[in-house]
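I'd like to ask some things about the structure below.
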Amino acid sequence: MSKNMSVAVYPGCSLNGSSREYMESLRAVLNALEIPVNEVDDWNCCGASAAHNIDQDMAVALPSRILAQTAKDGYSNLLVPCAACYNRLKHVQQEIKTSPEIRQKASVLLNQEINTPDTIVNILEYLQSTVMPRLEGKTLKPVSKKVACYYGCLLVRPKGISDEKQIEDPQGMDQIMASLGAEPVSWAFKTECCGAGFSVSNTTTVARLSSEILIDAADRGAEAIIVACPMCHSNLDMRRREIEKYSGRKFDIPVLYITQAIGLALGIPAKKLGLQRHFVPVKI
Amino acid sequence: MKRLHQIVSELLASGKAKLVIGYEKGTGEKRRPAFISDANEVERLVFDSQCSHNLSVYLTKPEYKHVTEIAVFATPQTMRAVVRLAGENQFQDKKLSFIVMDQDQNALLIEGAEVLANHLGKEKIALSSAQEELLAKFEAMSREERFAYWKEQLSNCVKCYACRAACPMCYCTRCTVEVNQPQWISVPSSLQGNFEYHIMRAMHMAGRCVDCGSCEAACPLGLPLNIITRRMIKDIEASLGPDIVSMDTKSVLNTFQPNDKENFIR
Amino acid sequence: MENNIKVVAFVCNWCTYAGADLTGTSRIKYSSDVKIVRFPCTGRIDFMLLMKAFAEGADGIIVSGCHPNDCHYTSGNFHARRRWIVFKSVLETFGIDTRRIQFSWVSAAEGAKWAEIVNTTVERIKELGPYTEYRELAGVEAP
Amino acid sequence: MARIGVFICHCGENIGGTVDCNKVAKSAESFDGVVFSTDYKYMCSDPGQTLIKQAIAEHKLTGVVVGACSPRMHEPTFRKTCSEAGVNGYMCEMANLREHCSWVHEKGEATTNKATDLVRMLVGKVKNNKPLSPIKVPVSKTALVIGGGIAGIQTSLDIANAGHKVVLIEKQPSIGGHMSQLSETFPTLDCSQCILTPRMVEVAQHPNIELITYAELESLDGFIGNFKARIRKKAKSIDEKLCTGCGMCTTKCPTKKIPGEFNEKLGNRTAIYVPFPQAVPNKPVIDKNNCTYYQKGKCRICEKFCPTQAIRFDQPDEIVERSIGAVVVATGFEVKGTDFFPEYGYGKYADVITGLQFERLASASGPTLGEIRRPSDGKIPEKIVFLACAGSRDPAKGIKYCSKICCMYTAKHAMLYKHKVHHGDAYVFYMDIRAAGKMYDEFTRRAIEEDEVKYIRGRVSRIYEKNGKLIVKGADTLLGAMPVEVEADMVVLATASVAHNDAADLAQKLHVSYDENNFFVEAHPKLKPVETNTAGIFLAGACQSPRDIPETVAMASGAASKILGLFSQNELTREPVVAVVNRAAPPLFSTCAGCFMCQSVCPYQAIEKEEIKNRAGETIKTVAKVNPGLCQGCGTCVAFCRSKSIDIQGFSNEQMVEEVFALLNND
């Protein structure tokens, strides 16, 4: 695949740190489908939610440098698996495209010309446009489980950034899981907040919000929760003890990344998908 | 030439034409309009490729107001002008017949402007190579260059109004330049007055000019008047659709489409 | 940036004039370099009046009326739009600076849009400066 | 020589605040043609007008320029003043120093100079004005009322009872509008049908009212006093003269499962149907989209059973023409459906319904005969939640305005629910309670205090279904925005009142302006609420903006009174702003070149051919002539005419050029 057709991947800090298994499963799936995985050369932190609370210039400069690095290597398409990074990069791309002053300020801070790849896609758009068509031919090991697809608050919002039609009832992951043989459950907490950044500073809030999510998923008979964002995964999986303590109920529903689910369908061994890193054991 | 004279004599004899407007030999190889109403002057008439005047201009002149039956030698340009003039109700009280040259150069009689209308070819009037070249050069000019070009050209115009007299579509009994309450066009041939006059003339030609080039031919100072109208026709065709010559009174400026295309109105 | 410039606005009575009234009642401030001339309809605005305005010292002209389909007289604005399409091309042939003419549709409910159009046009005319080039034509006598 | 008087108004502080009126008056004295110039605090007041009259007498003025507010406001006032003082009204012009100058610019020299320029412009125009007298035009004394809801009914009755003819057209098979769908009406809870149906019958039986239902306006031409309305009578497939309204066909029709519009899709109806028992006219209509015969060519059972053979399957649409003097638009409003709200389930939860649907549940003639039952399983809800401001006051959803009636009908719904389900719990999530009418606030207090409706001040963020219950997630801002969750059996959304989706098309047919929400725009929000900018076309009811029944009836009578004023004279005087083709002494007769291309420019077909004949009767010349009765004064022909042979009174070529000259020659 020629360079400008191929896609660069921006992992971001969590896909190399606390959610390493998200990157491992993504890499495993793409290798299985002979799609080259080219990380953005010498990428830096995207600033996430911290930057734009503290310093507007930094919040623009950090993502701009990532975009510049991607464009420098000639990639026209940038995949950003983590929902928070995707939000920041897409937001800044729009800002530097629409206002010359912001673009000028960013290029002064980074003393290099800022240009950006044409499109930035999140994991769902990329899976639907590039990965799923390649699966048609393959014989899949059906993931015959009832799954609750959890999109979280950032993957489909805000309206200006994401072009999701049904913000309150998205279907992207549901369709992918259905084509893997799973049975997506219709439930009410697809885009409710899991507590996000309060995971450390205000754990009880995370416990309360996440337990509501797990209670609804469990009551609807979900045997696994599918996510596409490291923050959602860590709150629903890592904080499971606090959730169980808060709600007084026991949940052994595992939390899987969408890429891990696809990996399982492709028959990739659990180890390569990083399933062993989860707090809640994945018994498939 | 025999066939031609025979037709004209018959027209005069039968009274179908009280006046025949044709061409006769001018100085050297040139041709000039001829006005024949008596049978034995028919020999003077000629009709060949040298004839270029648009004789339809005489059909609306006050001098021939009282003559109803008129026959005219019609070149392609004259035919186009006659059809549009008929569309503009100018021949209400006229019985016209036309002598045209068909492909193999012999004379053909056509009675009535309607018949002439469907005899019209679709092909456009070709520009001379000099005019084509000037038009191309003009297209490439920037706004400032065009303004300077016309400042230089129009500084020669003395507002003799020959172009108005030669143009068949300029048949108004009183032209706007003669209106002095309010004084739309300043009388002296100052550059501003000339700009205003030529812009007004172009606007009055929108959707009506038959591209016969009489205005340029008549201009004593050789101003490139045909560029103005030819360029306007091209622009109109680009934005509002093909420029068709027909008997229809509906023309560019007195009709509209609900979705006329433009990109400059906010 | 030249700042004492004159801009004339030819507007239709039913929509843009009423829109400008609404700008007034809503106390939205805009540049005082624009003066409004009232016409019954944009169909009534003669192209020669625009040339008269430039000749008499206008540096910029705004022509505004009802949106298509909203015309009080059904088709006045449609005919005006056709006229401006032809007139703009004729002016461009003669090298007249059509950036100095702003055509727009402003309805009786668009007070804010009127102020915005006035301000942006005045800004553009200030950058272009006074239209002396056209006015000087009057002084230059033909030979 | 023109003797012009200039009168600058301070308009209290409105102009005086930013424009130095005295300086403007002083500089006006030096204008060519001005013999008197002064300024005064309130020109439009009685003393102000007396000042003008005295000045006219004293200085023998021939023209007047008043520098004050917009001519759209007081031009008639000052023109009347001048004509009372002996100066022809059309020799008086106004310079707009308020809306176009003092209100929109900062105080300062530039603003005063602009005011001076505007006055100089109008002085230039008045020098070229000519005295004009209004045109007399006959008035056909028939009113067209579009829309048969309470607004249209009230207007029609007021006009008809005053002895004039009315043509009332209604798009639905029966008149009654949304009011006929209501159960009881606030604030007195009297039954809507009981107060409405007598009026509907009165309309049907009134000798002066021609009622045409299942009909829409096809086109409207002409102008005030002389409209020509073409009305499309959609085919009912019934011969109304033969049909006795016995209802046999509606009982025998096999297609019974069509969700009824009248019951807001909660109950079903047959293909040949009468919308509701008290429908006027009480005759059925065949719904072609669902009738098996029209769709598949079989059945015709209604034809077999019709005792009077009144069924006409081949009946075509019919266009009828009426000559009309004035039009009242009374087309009413719509309410948003539940599918408009993603956060409340995109309309897929059967038990989340709109206020109108609740009216049908509460109505004795409704699908549940007045019992409050859930659409999903028909159970009586033990716990019900009402949501005020569903869609209204929500710029993100594109509806910025308050729909005005929902606070009242939501309190009413809660009250009706408690009266019918005593042990039930009713919650209302609200932002503010807007109950500003007579006895309105007392009504809502009664709901809260006597009927113990629980009002929670806060918005609802989401509603979702969980094992048969509707979980309503909201907040209570009076308790520190504490999250509140109600497990409800049924939810009623007080959805926004919006314009009909074809309101814009009707506005364009009538040449009436409409705002960004497609509500029709009144001539002046305070001083002319029932008129539009188009002379002869009036507004009544919610088509202008959401309003309740008392206001609608008052507005309907207001529109009717305007029309009765119009119909009180046999002739209508019309602005003399019309085009005229010039005439000259023989042998020229007119500079018109007879091309008649102007005819296709005129939207009113007001330009005719005039043959000028000599004594022997031979036509010398054919030139254009404008019929002053039809010409509306748009002036498009004037700007089109290449030989400048047509001019328009009031905005003539001379006047406009002089305005531009005076405006720009100020230094």
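Labels for the chains are A, B, C and D, by order of writing; each one numbers its residues from 1.
Heads up, the rule we're going with is that a contact is a pair of C-beta atoms (placed from the backbone, for glycine too) under 8 Å apart; a residue touches a chain by one contact, two chains touch by 3 or more.
What you see is a predicted model, and the numbers here were worked out from it, not measured in a lab.
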Can you give the shortest number of steps from subunit A to subunit B, where adjacent chains in the path must touch? 2
Counting C-beta pairs in contact, which chain pair has more, B-C or B-D? B-C
Average the CA atoms of each chain to get its centre, and name the chain whose centre is farthest from that of subunit A. B
Whole-Å gap between the CA centroids of subunit C and subunit D: 31
Centre to centre, by mean C-alpha position, how many angstrom separate subunit A and subunit C? 53
Would you mind listing the residues of subunit D that make contact with two or more other chains? 601, 640, 653, 657
Sequence positions of subunit C contacting 2 or more other chains: 47, 52, 69, 75, 79, 83
Where subunit A touches two or more other chains at once, the residues are none
Checked against the stated definition, the touching pairs are A-D, B-C, B-D, C-D
So in the complex, the part of subunit C that touches subunit D is made up of which residues? 6, 8, 13-15, 17-18, 20-21, 23-25, 27-30, 32, 35-41, 43-47, 49, 52-53, 56-58, 69-76, 79-80, 83, 107-109, 115
Using the touch rule from the top, collect the residues of subunit C that touch subunit B in their complex. 47-48, 51-52, 55, 68-69, 75, 78-79, 81-98, 102-105, 117, 133-135, 137-143
Counting only contacts in the complex, subunit B reaches subunit C at residues 141, 143-151, 155-158, 176, 184, 186, 188-192, 194-196, 198-200, 202-203, 206-207, 227-228, 231-232, 235-236, 239-240, 252-256, 258, 260, 262, 264-266
Where on subunit D does subunit C make contact in their complex? 70-72, 96, 98-101, 103-106, 110-111, 114, 117-118, 121, 508, 511, 513, 515-516, 521, 533-534, 577, 601, 603-604, 632-636, 638-640, 648, 650-651, 653, 656-657, 659-661, 663-665
Under the stated contact criterion, what part of subunit B meets subunit D in this complex? 88-90, 92-93, 171-176, 179, 181-182, 184, 204, 249-251, 253-255
